[in-house]
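One chain, subunit A, appears in both complexes that follow, with subunit B as partner in the first and subunit C in the second.
For the complex of A and B:
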């Protein structure tokens, strides 16, 4: 069972994602801030992280950069209400980019795609 | 009464039928078109002929000679330059001292010429133009006459709005010798454009006489085929040399020494020229077959026009096509209607020539090909577009803008509607031209393009590893041949296309099964200006920057005018290196260097490295994937030496894991790796196989036998720029000159050879090799590699060339030479055995 870290500053979103993704068969851990996410990443291992770009006063992209720089091997999907960050090259470090929607299918598909890619060994 | 036959045209619109012969000599019912005209003139008592020649006159003269054999007298006149129709006739003025008739040498007609002459005489005309009515007068000169048949107006090639008559000028005129007063000497002067309007203006006796009957201007290949259809249907009577043979319900005309096999099915009107063989079981309907042809059993010809010396093999199907001289059509080939195959062409078995395709002379169509477009330049039509991950062809000859646009359309169709692809190119104008055509094709399929313009392949691959694009395409000029463009296709992860991906696009391309976007939904083009910054960031992250900065390395790099010259010097300067860049500027006109220039460039580079006392020199190929290393002593490294050196350097700097190398790489790599607790993963020599191996988490480096390296920590793709930086980093880590590191690499003798071998024998050679290796220790990853203790030999068929590679490695130079020679001789011997 793949273990996911969902980072979002909105509690309801964390709850929604947690329930929906658990129903999909994933083990889901949530974090409400970048700091909390870093703590969890240091103490537990994850197969994938789903990160919101706007985290109150913090930036999800900075969290993404930190994950990449510290050579974590976990793939990251950026999940945001804004499509404009697709053009920000810092965001290209991510493995996927999903624009938030009430229909979570796209996110689920993207998680499945990235995990399959990971299984093929595309991450070092 | 004399007649002038106009036979000087180039026949440009009739190409490729007229590539080797002048238009009047193109066969119609196995006889030159012009011979039918001569027969017509003779029928009306005109036997004193002047032939006006210009293009390839000797072909016509050799055939007609003085005309005695045909019962006519021929005088030839060949103007030295193109004088126009009337101007050319002026050149024959001295032979035309009485009333004369002018007729074109490429007409098919059964007009009663006598009636025209009688009309001319009774009206005391200076000039009479023969007129006829046609359904579509737009492409001809329309002529208007009054009640007395005096011409009142000319309309040259009118639009439908201007058409006030369907009566046209047939190109058959009766003229009095006084006409020459109106034709200036030595000037380009045309009958319909200059002379007749002039006569009209001067109110001369210019008449038009309408004639009923058959008339066709054989001006293009469609008209040529239709002329045959009309003759075979009996719409016009022409003389056929081959005598009629009695056969119920069939109009069969058969020449001398013709063999019709038992079981041959003949329908409609069929003409077979002298010495041709129709073998049993062939089906021929409404067709004309020339001399010395062979048609094998099962072949099916319908409304076909076949010239001389043509070989149509078993079960070929030819429908309403023209096949010129010396052509062989492979078994089970299908030719759709409207096709033309010009002289000296060979079509391989089971080929498919699509409707209206014209193949020009001396072409080779590979077996199993589908030919969808006219094949004019170049020599071959390949059955598959892809060679591995790329499509390559002669720029603007094989890969033309229209071909590439279609290719873009096929590629776009293979992708989801609304998805994005990343596209880039090298520095050359040709790549830019073809890329732009390709983009049009992609957009038409409703797929969006992110155009990153002039960029090196490694940068394009790097961006592809992130989200956003479903694939990438890179245009570049070939190193081997600067006249060739290579289009490299990458998948969504930046990996080379697999053969299955290529096949998918080929299927769409050949079937022309394109998805055309709605007019409101074509794809759009956007740019990604930040790609370089993104690449640079990742590049820095992949290196030990502090180590490089501390070493203050001085290096010389030959950038070969590649896009890398725009980015790498800055990156290395930022890392504290002193870079002496050679050929860093981009020169779109000049294009990339060729392989031939490489040895000189390397010598030059080695000299500069020594003079400047640099730590190393690097020759970066224009694709920015391959690197040649020169050490501080000026020694130029062979690819296998560079591979062994990099493996050693990686291990010395503490890297542990697996090294991915091809089967053909020296076994010293294993020796070095095992000593340091690492392993080697042998792969096939194809780039994709190596890169797939590099993706595995335990692989720390993949190295080819061509000086290309991938470092998965940065990106699992061959990247020459990163290879240079990594070499500097690793040499800084060891702190010793490169030449000293090389000395530590265990020595062996590594030799490579090539044996030419046709495609059909490659499989047989490998079978013989595998039989030969039965009692030996052999591996079959790619080709067959046989080990003799530490020594080994590899026999490997080339993927794209008609060549078998033989590679040998041994501790002792003589042993390696012996192994190489032994196996090259074996391959030669097997080739001979397979030929028996």
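For the complex of A and C:
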């Protein structure tokens, strides 16, 4: 069972993600801030992180930078309300990119795609 | 006594006097006029006088004195009449020319009337004239226009044409402006090119004439030790007149006039007449040149004003749009999360609701309406994102790598290679990714315009205090001060940078985000564009 870290500063969204992704068969751990996410990343191992690009008082991109620098093996999917990041971002740092929507199907597909890619050995 | 001459007869037959020509038949019946006009010059009359002297008439000794005095007086009268006639012609001519010169603001028209006046038979009748004018920066006198025939053949042909036409001077000048001015400007190109003289060369005859404010008649130029023989060789004559053109103490230029075809001597009277003429010409030339420059400036100002107005309108529009965008984006963004929660949980609930449950219809409505709202929000956000900067922290080196990757084709097309010297471990910079990427691409494109194939574009990133410096250096021709000023003055047009607002827009974008753009032309060649981007000290 793949273990996911979901980082979002909105409790309801964390709950929604948690429920929906658990239904998909994933083990979901949530974090409400970048600091909490870093702590969890240091103490547990994850197969994938889903990070909101806009966290309160801090940037999801900076968290992403840190993850990329320190934990090269964990793939990251960025979620945001802004679609403008997509063109610039998906090509380099993040492994996936999803525009936030009440329909989580796109996120679920993206998670499956990134994990499948990881299983093929791309992140070893 | 039988007299040889006919002076004693009241009326004569035509064969009696060989000096009475066609059209002078009235002299045959007018004894008084015949004596005054013909006999006093007639050799037969002189013989009669000599015979008379020996005849013992008392008046016969005195008559020759009276006759001589009469002849001298007559000659003087003739000369004065001729002088008066020539002055009358000159005044009429100057009036005609003056009228044009006083009213015309067209430099070509002034040139045409002035040069036609000097060279036309109805004017001063010089064979050839060159006009030299001081250049705009007032450092040199330069050959501007030459008028006249290049050789005998052309001279006879031109003079015959003019002789056949019955044009007034003004008509001649108009004809010249219409049909010949352009070709005449080219015709003496070789000579005109050699006539450039620095205004500082006080010994040169042009400057001597300008300083002395008097025309100088140069004679025997090839053997005159005080003169530069080169000038005579260039002109191909050893006698010519140098006429200064001065208006209100400003040195406007010089006219050189000569009789290269007829070699007719240039008289003192020619000089004086031309001197009288030179003043209005100088004044008219100055006025027409100033008017021409004024027109150029007015046209430039008008174009700049139009551009400025367009840009101002654009800026106002952009600012309004940006504000609208910012507000809508902020609202839309804060709506999206709750909407996602509402729609998301409705979907979750829907999954666990049996098909026959009444609540299912309500939940489906919530999901559908939420989806619709999300679609509207996406549209609003997509639109507003393009209107205001979304600043965030980015890795500049990544941005450079990606932007340069996109420009690979452009670089290849220009035959230019790029070298990236990016400092590792740079702090992230707070920028709008798209806009900075645009700035980098614009600067690179601008740099490429100054580069030759085979050149190298160097892009460096270095830590610079609390910022990161991005330097783009080309090895092309250095930009002039004007081109560099284009950065400081938005919408300034230069030949090097074209009329786009690319670089000034970059500067504006960067400054709005608290960053800066500077440009330095390296003395050894090439330009360096430096972008300084701010970082935040407390990077997480």
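Observations, loosely collected:
Here, the second predicted complex is superposed on the first by the 115 of 124 C-alpha atoms of A that agree within 3 Å, B and C clash if a C-alpha of one lies under 4 Å from a C-alpha of the other, contacts with A are read in each partner's own complex, and residues count from 1 in each chain.
The working rule: a contact is a pair of C-beta atoms (placed from the backbone, for glycine too) under 8 Å apart; a residue touches a chain by one contact, two chains touch by 3 or more.
Since we're looking at a predicted model, the values are computed, not measured.
When the two complexes are overlaid on their common chain A, residue A:62 makes contact with subunit C while staying clear of subunit B. By the touch criterion defined above, A:20 lies against subunit C but remains apart from subunit B after alignment on the C-alpha atoms of chain A.
In the overlay built on the shared chain, the residue A:10 is in contact with subunit C alone; subunit B does not reach it. In the overlay built on the shared chain, the residue A:81 is in contact with subunit C alone; subunit B does not reach it.
Once the two complexes are laid over each other on the shared chain, residue contacts for A:70 go to neither subunit B nor subunit C. In the superposed three-chain model, the partner touching more residues of subunit A is C, compared with the other of subunit B and subunit C. By the touch criterion stated above, A:102 is placed in contact with subunit C alone, subunit B being left untouched.
Comparing which residues of subunit A touch subunit B with which touch subunit C, the overlap comprises 88, 92-93. By the touch rule above, subunit A contacts subunit B in their complex via residues 68-69, 73, 86-89, 92-97, 117, 120-124. For subunit B in complex with subunit A, the touching residues are 463, 466-468, 493, 528, 530-531, 533-534, 537-538, 541, 695-697, 699, 712-713, 716. Subunit A meets subunit C in the complex at residues 10, 12-13, 16, 19-20, 23, 34, 54, 58-59, 61-63, 65-66, 81-85, 88, 91-93, 99-104. Across the interface of their complex, subunit A is touched by residues 332-333, 336-348, 351, 367, 370-371, 374, 378, 381-382, 385-386, 390, 392-395, 398, 402, 428, 433-434, 437, 539-540 of subunit C.
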